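Shared between the two complexes below is chain A, which has chain B as its partner in the first and chain C in the second.
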Partner chain A sequence: MKEYSIIGKPTPNVDGPAKVTGEAAYSIDITLPNMLYGKLLRSPYPHAKILSIDTSKAEELPGVKCVITGKDTPGGKWGLWRRFRELADQQALATDKVRFIGDPVAAVAASTEEIAEKALDLIEVEYEPLPAVYDPIEAIKDDAPMVHDDFPSNINATRHIEWGDVDKGFAEADYVREDRYVIEAAHPCAMEVHNSVASYDKGTGRLTVWTSTGSPYFVQQNIAEALKLREGDVRVIKPHVGGHYGGKNSTMPDAVNAAILSMKTGKPVKIVFNRDEEFTTTEHRTAQHMALKIGLKKDGTIVAFEAKAITNGGAFTGLGATTLFLTGTFITMPYRIPNYRYDGVRAYTNIVWGTSIRGFGAVPSKYCAETQLDRAAKDLGIDPLEIRRKNAVAPGYEAPGQYKFESCGIQACIEKMAVRVKEKWPNVEKDEGIGYCGFAYMSGGIFNWIDTPYAYSSAHVKVNWDGTVDLYSQAADVGQGHNTVAAMICAEELGIGIEDIRLHMGDTAHAYTDLGAWGSRETLMNGNAIKDAAGQIKQKLIDLARLKLGENIAYDLVARNKRIYLELRPERGLSYYDLVKDAIRANDGVPLTGTGHYTPHNKGMISPAYGMGIMAIKAKVDRETGHVTAQDVLVVHDSGQIINPLGARGQVEGSIHMGLGYGLCEEMPMDQGMLLNPEFVDYKILRTRDMPEIEILDVPTYEPNGPFGAKEAAEATIAPAAPALANAVYQACGAEFFSNVLKPEKVLKAIREKEKKDKESAKSKAPSKAKGK
Partner chain B sequence: MKRELNIVVNGESYNFFIEPKTLLVQVLREMLGLRGTHQACDSSSCAACTVIVDGKAVKSCSILALQVNGKQVTTIEGLADGTNLHPIQQAFIDNWAFQCGFCTSGQIMGAKAFLDENPNPTREEIQAAMDGHLCRCTGYNMINEAIRDAAKRLQALEAAKKVPAQRAPQVQKWMQTAKSGKGAA
Partner chain C sequence: MPNYRCPMCRKICSEHLDLARHYLGQTDKKHKDWLKTQGLSYAALIKAQVTEFGNKGYQALADVLKKTAAEVNEG
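== the complex of A and B ==
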């Protein structure tokens, strides 16, 4: 691997001092002069016609400045799938009918939050309840209630993926098994709830919105659509964001209604959801049904695989249709599957909608595929790590028409895992087991639903006469540490220090477009754009240095350690600071600027690069209580060239935390569309005492599509945690699971079923056949 | 009817007339503009709003402001010594113990109250003490390491205080290191 001055060195967070002193401002911390507080009135029904709304009493309450209902909004519909107009299905306030419990029907702006809340109680809405549908399988039946009356059915999106000859593959298999799964929904649970401050300038007709988002550009586009404004008249500023995890991609009613109320009142308006609203009305990880069929040779080679998914879409599209697409993709990774078929259906239902939560597509699908693979391995008498090694892809692997792995360290990861597992856990006690799961995830998505005329990512770099650098980009640090990565990439390329870089990020008015932080895209896509921009300036400085040094043109010059010098004769060089001064003087006093961009071209349907690896979890099962303990986690990870080892570790640790929660305790039980656990008291996320220690081993590769060879580190390791845990329990006691949350009662039931099965097979004394169903 | 509240926040005395139902977090955030204290739930279950009242960690969303009448409150804004970060703050930076940072003020204040009571804790003791602090980003292990690191830095500072300066240049040097937060781990 190449040695860099900054890349690959543990670098403290550039936002650290602000975040540890309480100075970091989130949108929830913003207060503007004359600001009003907004609140939304939400539907108590999962599906109902709105017959009438009477706001007169609310309007009379002292302190209330404005009350709006659907008819007062500009009526524009929005969505992220805006290339497909019918899927732009969100609206500021429901007009004709409500589609889930929590669908907003009216909004109030008042001088205090308390008055706004009181005003909500005074709004009288007459509803006519309609039959509702909550399960996606029910929803796609012919006689199901229609969630969107203007849609031909409740089928929101479908996806078919196929390569090879699946039927022939199954015919050639020595072993075939089928499994069905029901996967639970989960909430992203960002610590900072959704909130926005909107300020409309009547004089200019321009709108500024500060909001807790992962993509200022998406919000800018969506607000413009909702309010029928020009995009350029909407400025969106992303301050520090208190957690995203995929739940802050879509533009939500807080931003749009704050904007409408600000336009009506001429004053800034702030809307903050409470935690109950956050749980019940903001996007979650989609619940889904999956049916899998796998065919293998006796030696464990996969010859055919078929997956079917029906996802519980909820009332709107969000990025849920993308999740459906990616479910069919990530379920195959990182294995060589010669014959594959996927059919996915996303159904509209009368619940809040599911979307693109961290590891989207991979998290539910990998749970199903990897627990099935363990059962197949056991039936075939093959070690679970060996079956993964046997089927793991090699560099250059291409899934026809879908994706290609350029850098690919999965084989090396599995080899390293095999060695380390033996050292780390030489003895496995009774009721303990080690479970494995392979994984791979995209480094930024290549999707065509987002109808943007702009590059996927852009960055603008300006070098001032004193050598300080202003870096402008819309790229979003949402906690993952992208600001630090951005500064590191810029500094490395220019051969200067992090302390030379000033960041101006996440503001649509200050920078060209970046599509935001989702699908692990910022390091690769924004990193490439920054490297491009900084590289243009570096070239100018190198050209000037070459001129001034007057050396043979055969020598290569490099920018490093604040100098530009001959690579082979480092003593011959010039100071970066001196060169910058001269270059600006020579440029008629104009600072040095570079504008870089990145758009993946001809890189398949999914992503230009994939992070990947394998995870092992050691777990213990209490056979009396059904309690499962994740004792220890080992992950071997190929993230390409890691930019910041501190940040990368943080991403992996955080992913595993969320993934283990998905496997142990996080669920969203609903009764007739009503969420039953909308507070942290009842919705359990893992606490510090629940977390095992995590050992992370890196297998560095060089990713040709990434800046300095880098690729994702933020999401790949969420998917494998729950399946590795379920596989550990399977290894420990043979209990099989067809749903993801291993609550004690479910574990006990599975253990009893296993014991019953064992007894029956002992009775019949028939030798179990290797050939499955 | 409004009632009088006298409190000392970060060393400054304040006097307010407030509605009795006003929560401490509202006084801090809305009346004093101390926005570093964050609220992340409505059910007293996340500890993001933790501040220190007379040496004890307290969830400022779950206590009436009048209950702290006459008491000393320290918030995240009062932890650093001028521009010098507190060793816990520096340890949080050096160990990447936060990501989005929204729960961080509460984590640091909780850690401060805990380390004042237990200056040399084990991983398990930190887990037990900090179990009420929710974090959705880090997976907690890096927070735990930061707190252990901070404990070492604080102990080095304590040790340095006990040794006369002219006799122990080495300890003085450690003290400087611990204060600046560089390389103490």
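== the complex of A and C ==
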């Protein structure tokens, strides 16, 4: 691997000091002169007609400045799947009917938050409850209540993927098994709840919105659609974000209603969700039913695979239709599957909608596929790591018409894992097991359902006379550390230090488009745009240096350590700062600028690059209580050239934390569409002391599509945690699981079932033994 | 070898099963309504496809398209 000055060096987060001292401003911290506070009145019914809304008493309450209902809104619908207009299904306030408990029906702006809350109690809404549907299998039945009138059988989206000859593959298999799963929902649980401040300037007709989002661009587009404004009249600013995890891609009613209230009152309006609203009305990981069929040869080679998914979409589309699409893709990775078929349907139901939570598409699907693979391995008498090695893809592997792996270190990851496991866990005690899971995940999505006409990512770099650099982009740091990565890439390309970089990120008025932080896209996509922009300036400086040095034109010059010099004669060079001054003088006094962009081309349907690897978890099962302890986690990861090892480690650890929570304790039980655990008292997440030790080993590769060879590091490692844990329990005691949350009562039940099955099996063998005598 | 044209749009496929895959991937009313004229239900075909292993939904539509889709000689 190439040695860089900045890339690959552990670098503290550039936002770290501001965050730990409390100086960093989040949208929740923003207070503007004369600002009002907004609150939303929400439906208590999962499905009901709105017969009437009387806001008169609320309007009379002192301090209330404005009350709106659906009829007071511009009525524009929005969504992230706007390429299909009928899937742009969100609206500011429900008009004809409500579709889930928490669907907003009215909004209030008042001088204080408390007055706004009181005003909500004074609004009288008359509903006519309608039959509701909560389960996706029920929802697609002919006689199911219709969540949206234009969608018969509540079919929101479908997806079919097929390659090879699947039926022939199964016919040729020595071993075929089928399994059915029910996978639970989970909440992203960001520390910072959804919140927005909107300020409309009646004089200019321009709207500014500060909001906690993963994509200022998406919010700008959606608000413009909802309010029927031009996109150029909507400015969205993303300050620091206190957690995203996929739950802040959609534009939510806080931003849109704050904007409407500001337009009506002429004053800034702030809306902050409380924790109950956050749990009950914002997006979560999609619950789903899955059915899998796998066919293998006796030696463990996969010859055919088929997957069916029915996902619980909830009331709206969000990025949930993308999740359906990706479920059918990531379930195949990182294995060679010659014959494959996937069918998925996303059903509208009367619950809050499921969407693109961290590792979307991969998390539920990998749980199912990897636990099934372990059962197949056991039946065939093959070691679980060996079956993964045997089927793992190699560089250049192409799933026909879908995706291609260019850099691909999975084989090396598995080999490294095999060696390290023997060293690390030479002995496995009674009731302990080691479970494995292979994984791969995209480095940004190629799909364009938002239908943007812009480059997927853009960046603008300006070099000032003193050598400092202003970097502008809409790319979003949502806590994953992209600001640091962006500064490192820009500094490396220009050969300067990150202390020379000033970041101006996440503001739609100051930068060209970037589609935001989702699908692990910022490092590769925004990184490429930054490198392109900075590279243009570097070239200008190199050209000037070549002129001034007068060296042989065949000699290569490099920008490093704040100098431009001959690569093979480092002593012959010029100061970066001196060159910048000369270049600006020569440029009629205009600062040096570069505008870079990136849009993937000819890279398949999914992503230009994939992070990948294998995870092992050692777990212990208490056979008396059913309690499962994840003792130790080992992950071997190919993230290409890692830009910031410190940040990458944080991302992997965070993913494992979320993944283990998904496997052990996080769930969203509902009764008639009502969430039963909408507080952290009842919604259990793992705490620091619950976390096992995590060892991360890297297998460096060079990804040709990424900046400096980089690819994703943020999400791939969430998917394998729950299946590796379930597989560890399976190895420890043979208990099988067909859903993800391994609560003690479930584990205990599975252990008892296994014991019963073993007894029956022993009994059935007994007569033949007697006969033998 | 003949190709087959979608009854509702310009899509051409070399096999009826591929044409059925195309057809059920369309979400517009025009495509869905034509199914009704053939005694088929969009929802029923999708359900057959996602609830059972195999290509049952597509095959049912492909059988209808065998009788109704126009043959074309363009590629």
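Rule of thumb we're sticking to: the second predicted complex is superposed on the first by the 763 of 773 C-alpha atoms of A that agree within 3 Å, B and C clash if a C-alpha of one lies under 4 Å from a C-alpha of the other, contacts with A are read in each partner's own complex, and residues count from 1 in each chain.
In this section, contacts are C-beta pairs under 8 Å (C-beta built on N, C-alpha and C of every residue); 3 or more make two chains touch, one makes a residue touch a chain.
These numbers come from a predicted model, not from an experiment.
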Legend entry - Contact breadth on chain A, by residue count: chain C or chain B: B
Legend entry - Which superposed partner A:338 touches (first chain B, second chain C, both, neither): neither
Inset, instruction - Using the touch definition from the top, say if A:160 reaches chain B (first), chain C (second), both or neither. - result: second
Inset, instruction - Please work out whether A:646 is in contact with chain B alone, chain C alone, both, or neither, and reply first, second, both or neither. - result: first
Inset, instruction - Answer with first, second, both or neither: which of chain B and chain C does A:744 touch in the superposed model? - result: neither
Legend entry - Touched partner set for A:658, first chain B, second chain C, both or neither: first
Inset, instruction - Over in the complex, which chain A residues touch chain B? Could you list them? - result: 12-13, 15-26, 28-29, 188-193, 240-245, 274-276, 478-481, 646-647, 649-650, 653-658, 679-681, 685, 687-689, 691, 693-694
Legend entry - chain C-facing residues of chain A, complex: 84, 86, 137, 140, 142, 152-153, 155, 157-158, 160, 162, 167, 178, 291, 293, 306, 308-310, 341, 343-345
Legend entry - Touch list for chain B against partner chain A, complex: 34-38, 40-43, 45-46, 48, 75-77, 79-80, 85, 89-90, 92-94, 96, 98-105, 108, 126-128, 130-144
Legend entry - Sites on chain C touched by chain A in the complex: 21, 24-25, 27, 32, 41-44, 46-47, 49-55, 57-58
